[in-house]
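Sharing a structure here in structure tokens format.
By written order: A, B, C and D. Residues from 1 in each chain.
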Amino acid sequence: MFTPHERQLAEELVQAIHFFSAQGWSPATSTNYSVRSDKPDEVIISRSGVDKSRFDLTDLIKINFAGEISPSFAGATIKSSAETEIHTHLYQLFPEINCVMHTHSVLGTVLSLQLAPEKQIRFEGYELLKGLEDNLTHELVELLPIVPNSQEIPQILRSMDRHLQAPLKIHGFLIEGHGLYTWGKNIAAAKRHVETFEFLFQCTHAMGRN
Amino acid sequence: MFTPHERQLAEELVQAIHFFSAQGWSPATSTNYSVRSDKPDEVIISRSGVDKSRFDLTDLIKINFAGEISPSFAGATIKSSAETEIHTHLYQLFPEINCVMHTHSVLGTVLSLQLAPEKQIRFEGYELLKGLEDNLTHELVELLPIVPNSQEIPQILRSMDRHLQAPLKIHGFLIEGHGLYTWGKNIAAAKRHVETFEFLFQCTHAMGRN
Amino acid sequence: MFTPHERQLAEELVQAIHFFSAQGWSPATSTNYSVRSDKPDEVIISRSGVDKSRFDLTDLIKINFAGEISPSFAGATIKSSAETEIHTHLYQLFPEINCVMHTHSVLGTVLSLQLAPEKQIRFEGYELLKGLEDNLTHELVELLPIVPNSQEIPQILRSMDRHLQAPLKIHGFLIEGHGLYTWGKNIAAAKRHVETFEFLFQCTHAMGRN
Amino acid sequence: MFTPHERQLAEELVQAIHFFSAQGWSPATSTNYSVRSDKPDEVIISRSGVDKSRFDLTDLIKINFAGEISPSFAGATIKSSAETEIHTHLYQLFPEINCVMHTHSVLGTVLSLQLAPEKQIRFEGYELLKGLEDNLTHELVELLPIVPNSQEIPQILRSMDRHLQAPLKIHGFLIEGHGLYTWGKNIAAAKRHVETFEFLFQCTHAMGRN
């Protein structure tokens, strides 16, 4: 079902998912993850409703941009999350995106609610801003948009689209009360973005105390 | 002593207990866990007083709804917790409950004391509310009752019963200063409920700061 | 050097030390641990200055109540901590104590400094108070004395002695800015006491926020 | 490429890096680490941009004080961090320094920003101050300088130099918004210093709440 190269990608993705699970960033079967397959219009994506501490290779399937399961996975009884459309939307808009990750941490959730009125989080003065692709200095301002949550994915897509003009200036966005979406040119870059944003959430929360 | 299917359940339960222990949700030999056995009126339950970081299959016994040890465990020198009656009470009232879990986290304890005057915690606006069975949207209000603690279990049962009318509208309850009880149609669902409530406790605590 | 039974005790002690290290309660080679050997006036105790994440059986020695290394360990180049005298003092005073543990957590340190003027921490209303030996209900008040720190151990002993009249009413004490001493009838009981006090520290700290 | 003794050092360094990664003190490929090789003017140092949870022996190279890769590593396609110069600067100034570690924790970052106006953190009254080499009592004041961040390493060196007169009185310094540099006579001492400072950061943060 996977080419040897895709299998390598799948294994790297599973390893990243276990890392996030151990951090507490994917509680209660929440969150989803994908990587572009060998074909540019096909995506390897996590199935819905899996305990991420027990996630393995058999919890990944291949789909096309319409969300249809790849013929090579015919007969699969598993399905991807309702949020699949957010992943495929990003891959379609930006050929440079090869991995999309959605985590759901306590502080991502809390900040998305606390700062919802400002519609974004503003990060400034942190060396770790250089953890985000193409940021070459800490002397910049990084904006992370916060979009309203909805059970209608197309509505989330419409809220996202305001922030998704090419060339892409953001590295991710928060959905209110729902968590983080970020991406990268490959799995390592997307994982680094997750770690960077979660670090910045923790700093922002701790700074707020004083 | 266990049927092959029960042994599978027992192993899954032990795995969940180790997960909770690693999160710090079962400190100092506290907490107890059970799953309905192959017989609808029999329960596999954790023995009392075990260090959950070292819990294993031999720390599980089978009992009936009167708390009596199953004949197949005759001669067992281990006994279940005084709180066994809370478990069997739930199984007797609700045939759809097949697993009961009681965890004892810092924030569950703290919130149960801080919000005791309100007699409940109100959760609203969190996507992760969908981690609780049959919740299909974040646009709802989830109420988690807080009942007084007592060393007399029947007194706790009386406090619980007010919240336990069929059809069941709650997914768990807190005992003041004592921790969480939650349940599910199977082990995976009950574990997901524990993770969901602990996540919501962490969010509630972190939100309170600002 | 160890009898078979002592070796068993030593292995159980090492396992507890690794657990504490993983919790962050023994940072930077701090903390020390002991268990009474097969001889009532002999103690198996951790050597000084070891990274607790790498602690193993070779880091334990046997000493008598004068702190002298047991003949069976003659030639040992390792030595026990300066705080050994606190351990042997407790064993000499109370025959029912068979294990002494000293951990050094962030919140134990912080509370010992914040509550130093009150000379004790008062715990009340927590079910987990039952984690402390002979506490049969949550409806009691547990007092944990805080004594001043000193580089002169005899001075710490004098401060402790006020709280160490038989029959023993306390389950441990804090040294200001320095951490927790607790004990038990065996290793499991002492470990349960460490977990209980650390849980209560975390609750006390979290409660303080509101 | 490594002598047997250097290989031992390299393995100990990798083990320390994994420990820091598990603590969350080296997020998103940040941080760097080095140890003096068998030759006093040569350094074994971590390569740039590696996920520290996956760091291994092949991620270490040997360089001289000019930052040039050792002939025995000729053809290496990996390079050390831009911050290499901070490491070699410390080795050149102080022959007693044999290991340099740079971690990047949330609280190190937060305190470096919150206390930037005071240009230092003042630690006092903590027993764990004895975790820092040559500190024999808790009755002293430890100062940790905070220097401004810059993408120009020579500018950071100039800020550091004010604090680096021999004999060395400090055990490390913070770079604003960027994290901790500390060192030791060997890997164990440098690791103990990292653990000590991170513990003191956590205490300082928790104390600030009341």
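In the analysis below, a residue touches a chain if its C-beta (ideal position, glycine included) is under 8 Å from a C-beta of that chain, and two chains touch if they have at least 3 such contacts.
Nothing here was measured: the structure is a model prediction, and the numbers come from that model.
Chain A maps onto chain D through a rotation of 90°, based on Cα atoms and reported in steps of 5. Residues touching across the chain C and chain D pair largely diverge in numbering: under half of the numbers involved belong to both copies. If each chain is reduced to the centroid of its CA atoms, chain A and chain B end up 32 Å from each other. Work out the mean CA point of chain B and of chain D, and you get 45 Å between them. For chain C, residues touching at least two other chains, in rising order: 209. Chain B makes touch with chain C in their complex at residues 24, 27-30, 51, 53, 104, 106-107, 109-110, 113-114, 149, 151, 175-179, 205, 208-209.
Residues of chain D that touch chain C in their complex: 19, 23, 125-128, 131, 136-139, 188, 191-193, 195-196, 198-199, 202-203, 206-207, 209-210.
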